[in-house]
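Given below, in the form of structure tokens, are the structures.
Across the two complexes that follow, chain A remains constant while its partner is chain B and subsequently chain C.
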Partner chain A sequence: MFEAIAFYLFAFLTIAMFYITVTTSQALYALTALAAGMIFISAFFFILGADFLGAVQIVVYSGAVMALYSFGMMFFDTTRELHEKQGNKYIVVGLATIAAVLVVLIFSAPILSNNITALYPMVEGAGNTQEVGMVLFTKYLVPFEVAAIMLLVAMIAGIVLAGKKMDASLTLMTEAEIKDMRKQKANKTKEIV
Partner chain B sequence: METAYLIETVIKIVIILLVFSALAGFGTYFERKILAFMSRRLGPMNVGPYGLLQIAADGIKLFTKEDIIPTNVVGRIFKIAPVITAATAFMAAAAIPFLPAFTIGSYEVNPIVSDINIGILYILGVMGIGLYGPLLGGMASANKFSLLSAARSAAVFISYEVVTGLSILAPIMIVGSLSLIDFNNYQATHGWLVFSQPVAFILFWIAAFAETGRTPFHLVANDHEIIDGFGTEYSGMRWGLFFIGEYANMFFISFVIPLLFLGGFGDGSVMGAFAFLGKMAFFFFFFLWTRAAWPDVRPDQLMMLCWKILMPIAVINIVITGIVMM
Partner chain C sequence: MMEIGLNHYLVLSTILFSIGLVGVMRRKNLLILFFATEILLNSVNIAFAAISHYYGDLTGQMFAFFVIAIAASEVAVGLGLLIVWHKRYNNIDLDYLNTMKG
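And now, the complex of A and B:
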């Protein structure tokens, strides 16, 4: 009974939060609702007994949305309402169609589910974390490693992009040095012009 | 069975809520007293014997003060931000075993709300959400200093989480479980983890200061701006909730560090329970001690410390632990 109550409660909360995310014109509401929705989703993992995934969902998405907040902080005055530019109307139609198809598929999924068998059944006595590890390092080893390499590439690219022109630190320089650097820069641009 | 379990859980939750919100009040008293002694003052002395009733006076003041919502703030977010800090602090406590299991009559009580098998991950994740409180409070406040404070809290958030996660990984590899009870039982038979994982212990301890936002990483509410950072626009009980969250977090992390590295409550005897509380008290005291002894670091220094120094050390520690375990 508790599972049913928890499921309907969190289902309602999650949908409400994501609804706010897409409809509000206030950046702070949208971001907070997004974070809350992501965290409420973890409740479904806990209900299904996948504790590890639930906790990872919380850890990963609370950090990810934090990055969005810092962008919001940089680009908008988050205490004011934003007036969005209305773009292509056909995109809305297309997305709505896809959403409708998805809903039909989700509701018809139980018809097919009778034929589904678990490829990797639960191992007796193994905890949640161990089970994730077993599947990840046997059947899905190659995708896992490929994902790891892609993340590494992205990380190196990020460092290279962010590290450009960062050989001088303004906080470590004296006033005179900073003035000197500015003068040099101004001269350079003059030469180019 | 079902009813007994339900009643037991509800009672445990209520006890934890009451005890730790009261302890948060006492925490402020301890902090003021200890800081006062360390700078050769007396601290609160006037209300009650030895200033003990100062907590009650503060409580009455916070509860009865007018709750001001300034104009121009983003109302709902402004109102909910302190609740996030306080609520997540107490939610994290759900996976912490506060004492060894004991029996009342013939009924066995486990002083942990829920022994989920990913305890430590859950605690760190939920405690991490607590920093959304200062962030949202600062961003919703329509005040430049609050916004700066929110930016600093985002900086803290992206710095420390990597260090906590990676430093804790090596002990997890040794114990082979994420449950705090398993950590405790492992150390009861194999000796304390601090001796086999001293580097991880120090790293986690440093990260705990960032996690709770205490000096030397108290840059969320930058003290030398005189105003209170994200809390500038808050008044009354909403401001008090930020405080309850911060102090409850300090207490909970002081429970977690001994459980992870210093043997926890050992074999579960009464002596072990008292030793556990003693260890907790030491770590709580250490938070206050550092506040009296050290200045704050700048946000860029914190990020450099976490990403360029602590994270590589943590990774090397994991690699060495892995090689030794093979």
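And now, the complex of A and C:
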């Protein structure tokens, strides 16, 4: 009973938030709606008994990814409305629905044929975090380490890409220097366009 | 109706996946495109966790963890590239990305 109420409530909230994300014309609204949707999704993980996954969802998505996006958005002009030309709405929606149903069918076909068995069955009397730890550090140790290296590579790539020409500090420059830099930048954009 | 089964979660996952796909196909702003990608990854995570719960198997949750790790690194690299692009061309529209000028 309560599970059903929670499921329908959070399903409605998540769908509404993600709908706002893909339809709004303000980038800031999209960001906040996406952050809210991520937190609502973690509710499903808690309902499903995957406590650790729910905590990771909140920490990684609402903590790390959203903070990264909001820092990134300081570089972009977000107050401006996004102007986009719109194609045929119904074709896009129809194609998306067909593709999504196909993906779910691909996923559920082996399950529906009823010959699925639990590879790593849940241990009796252990909490979710404990079970996850046992499986992660025995069967999935190598993918775990590879994921760590991948995150390190991504971190270095992010620093190298975003940190270019950040040695110039606006607070240490005089007004004349800043004006000069702005003029150079404007000339450069004109050349490219 | 009141008994929540695996199918409920799979239907929800499908709906969220279609919303994400509509976002990827319709929007022209690269930042919103990244948001839509996050929605796609999250909808698949819900399906993984639901299957993991209803079959008593932890493999689904493991895959969801690795999907989250991949999403985090994708955001880091993608946002870095986006900042470089915005510094050079002063916009993040997909329509301006169609030519490779070298």
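Here is the rule we use: the second predicted complex is superposed on the first by the 114 of 193 C-alpha atoms of A that agree within 3 Å, B and C clash if a C-alpha of one lies under 4 Å from a C-alpha of the other, contacts with A are read in each partner's own complex, and residues count from 1 in each chain.
Going forward, a residue touches a chain if its C-beta (ideal position, glycine included) is under 8 Å from a C-beta of that chain, and two chains touch if they have at least 3 such contacts.
These numbers come from a predicted model, not from an experiment.
Look at A:69: by the touch rule set out above, it reaches both chain B and chain C.
In the superposition on chain A, the chain among chain B and chain C reaching more residues of chain A is C.
By the touch criterion defined above, A:56 lies against chain B and chain C together after alignment on the C-alpha atoms of chain A. Contacts of A:19 after superposition on the shared chain: chain C is touched, whereas chain B is not. Within the superposed three-chain model, A:28 lies in touch with chain B and out of touch with chain C [touch as defined at top]. 52, 56, 69, 72-73 are the residues of chain A that lie in the contact sets of both chain B and chain C, per the superposition on chain A.
Considering their complex, residues 72-74, 76-77, 80, 116-118, 121-122, 124-126, 128-129, 131-132, 135-136, 139-142, 147, 150-151, 154, 157-158, 161, 165, 177-178, 300 of chain B touch chain A. Residue ranges on chain C touching chain A, taken from their complex, read 1-4, 8-10, 12-23, 25-29, 31-32, 34-36, 38-39, 42, 45-47, 49-53, 55-59, 61-62, 64-66, 68-77, 79-84, 86-90, 92. Within the complex, the chain A residues that touch chain B are 26, 28-29, 32, 35, 39, 46, 51-52, 54-56, 58-59, 62-63, 66-67, 69-70, 72-73, 78-79, 127-129, 171. Residue ranges of chain A in contact with chain C, taken from their complex: 1, 3-4, 7, 11, 14-15, 18-19, 21-22, 27, 30-31, 34, 37-38, 41, 44-45, 48-50, 52-53, 56-57, 60-61, 64-65, 68-69, 72-73, 75-76, 82, 84-87, 89, 92-93, 95-97, 99-101, 103-104, 107-108, 111, 116, 118-122, 131-132, 135-136, 139-140, 143, 147, 150-151, 153-155, 157-162, 164-165, 189, 192-193.
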